[in-house]
């Protein structure tokens, strides 16, 4: 999909996202969106697309690193609970508690017992949240290996993207099927009525983003909240200019 | 400036930003960047431009809301201290402790005594941070009122931008000079050798971003850290396809 | 019960508490103890008795105040989750999530729907914790009204205890039966196999403490961990005296 | 000093402590008290004595453990700042930021440069706090080595006190003079007008506590706040008894 085409298709969705946020502020709705999926599937990109349309004071992205020793000793969900949305907030989880059944399982960072315990707890935990009224959405981003490989190669070749290439990515290359199996196991255990999964193909990232955002918007209740009537009366004087005293502006960048 | 032109000029800067982040990871450098300035000057845009180039696990944006009652009772800097970078982190402050001398002063949310106390404490506080080795950068984004007015109008007219139009923005329109005076007072008190301000004109946002990012990069020490040598050997099998069992992907969005 | 008698009876229990803590450190056990009950029943006293025997680096008391606005917007359990024990910790909750079904219900701070939602969620939430291996103990301290009245009077008369007399205490005097009803409702909903309640009569506080602590110790698994063999060889020199330079000690208090 | 004698002397001080807390609540005063000193000097005991007189909702004890890796990467004072008192609070620091110049220096956990940096920053940091109106008190508890040795021996022999005997304690035995030197260096650098140290001899713990608490009270401004006039009208009915339904109380402990 060409950029122009994508942007034209995206704009009405952005309008609805902004409407969703206005509705969230007006009603105190709490929205939590989980983004999971294969490495290089495009989680970061779709998260940015959503976050960039919204106020950073309302919409937070949560991308937790490896747990500290204190956190490892806690109830597994504890460090995620700390980031759940309060009234009016939208929280985007760039990876989430599902790490345990995904990367931690496939790479052997969690024991079988821990994975089984997680799969038993996750739907119960999520039911507590949704019963409490939190709007919880879970997306799993799919990508075929040929496309994934191409993206790894691009991350390797493009210095701008190199930071995205992690050792775990590389190890994941030979475990594509293990991730598929982990995802199926995860779906079997946690694809519930109260917190269903949505799988979105991201072989074409732009199309994937449009599909995901459209689905998100469709699953929200009616979020129509009219724009406030705001007056912008003429200034009582001619527009003023910046005046500098104690310090002067930097010389503009020369291309 | 046209978008194409801007993107062409931006790309080498993005490369250097990514290099800065790699250097930060390698050396444990702590980078804190404060973005202040007039309403609608373009803080959010330049912050997004920087953050979007970097890993969300390394680079955090901090945009604090109004303080809670508990926070109002604390040492003024306490809630900001909680967000300072640890080793290897980059923190972008979308507004900062300078709120007190800016909007809080101009709008009468802080007493004169509180503002004076802040202006006395800020440079001392910042010296503690920089002496500790934190790299602290402070940018003040300037914009002439005619341009500011045009942006307010755009925020009013464009539903996508409406959320950016706050009541404080509207009140600020008749206080353009008060903000100028507040900025001059702030510069007089806190433009120090260890944490100097940089004023950047954002009448042209794209040019402003390039100017600011270029300045930031120029003020860092030599951040050259070579890219790691990473091997991407051929897969041991033909690339695999996603296979779906428990659930199937969403139908792709139709434009 | 006389103090001497009480202290003699308490000492072997303190020894076991210290053993419990040693066992917790050795095994990484997580112990959470909830103290609920009528105003003036003696929660604070028994908590202090336990905490004072243990290291403040291992045993924390959690006494949360009224929630902030942000907290009120969150999942009800969120602010309590933040204080759950990590490996090796002992957390004493001076009041707990049961506030909602107790004081908040009786005093009308929570709606019926909120209370019902809480009663449905609490056992599920607690099962998540106990399934995760957290050792959860719940004590409800009972006291007859005549004794409660005597304690309120003492709090009124004794300046040392006056801070314990809250407006909620006073309002509770005419709602003794409402609290009984709330407790019965709470027991019916949350007295589970995995997190049973224990009611302890505190008409005699000393006896109540002994009863509670004995029960707690009896419900723990075998916590025997031998004391480490530590050598304390003679000093290589005569014991030294403090020497003062820059400042001298305060003159000792004269009785 | 005999216990009876001690308790008689302590009671009026407890009354004043309670008055201090009432004054803190009424005025929003913020009180931070640092307890430093030799191992086994009696920090824990005097902290408990103060805390036990006050409401756990108003008075917190902060006893931080070893820093996490994230904390080690931060500005040294950051993790302490998080625990500073808000309006109306009293915070007791069981060891404090002075760890760096004390145990960390003597035991070689901090480099010379880190210690020097700390000694330069501490008075500046403390001035920020006291200028902000925080009431900051710093106590250093002194004890002669013969007495310290006796307490180590008691910790070794008495299972109730064994947890107080740490490996650092044992290592400290041969470094008594190093601790003296560290304390003198610390006093030279941080015994300031705005945050002076008080040295208190704790060879007799009871006398030490009385001395310390008396000094604390003397250094506060006039904290007289009259007790509220509270009415405790007779109940409108005969006092009620607990009635048990869903569960019955535990059998009382039998001595």
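First chain written, first letter: the chains are A, B, C and D, and each begins at residue 1.
What we mean here is this: a contact is a pair of C-beta atoms (placed from the backbone, for glycine too) under 8 Å apart; a residue touches a chain by one contact, two chains touch by 3 or more.
On a predicted model such as this, the values are computed, not experimentally measured, just so you know.
*Asks:* Specify the angle of rotation obtained when superposing chain A on chain D by their C-alpha atoms, rounded to a multiple of 5 degrees.
*Replies:* So the angle, rounded to a multiple of 5, is 180 degrees.
*Asks:* When contacts are scored as defined above, which chain pair ends up with more C-beta pairs, B-C or C-D?
*Replies:* Spelling it out, more C-beta pairs touch across C-D than across the other pair.
*Asks:* Using C-alpha centroids, which chain lies at the maximum separation from chain A?
*Replies:* D
*Asks:* How far is the middle of chain B from the middle of chain C, if each middle is the mean of its Cα atoms, in Å?
*Replies:* 44
*Asks:* Just the number, please: Cα centre separation of chain A and chain C in whole Å.
*Replies:* Those two chain centres are 40 Å apart.
*Asks:* Between chain C and chain D, what distance separates the C-alpha centroids? Give it in angstrom.
*Replies:* Between these chains, centre-to-centre, one finds 21 Å.
*Asks:* Could you check chain D for residues that touch two or more other chains and list them?
*Replies:* Counting only residues that touch two or more other chains, chain D contributes 70.
*Asks:* Spell out the residues on chain B that touch chain A in their complex, using ranges where they run on.
*Replies:* 5, 9, 11, 14-15, 18-19, 21-22, 44, 47-48, 52-58, 61, 63, 65, 94, 142-146, 148-149, 152-153, 156, 159-160, 162-165, 170, 173-174, 176-177, 180, 184, 187-188, 191, 197-201, 207, 210-212, 214-215, 227, 230, 232, 235-236, 239-253, 255
*Asks:* Which of the residues in chain B come into contact with chain C in the complex?
*Replies:* Touch residues, chain B against chain C: 68-70.
*Asks:* Touching residues of chain D toward chain B in the complex: what are they?
*Replies:* Touching chain B from chain D are residues 28, 30, 70-78, 81-82, 84-89, 117, 120-121, 124-125, 127-129, 131-132, 134.
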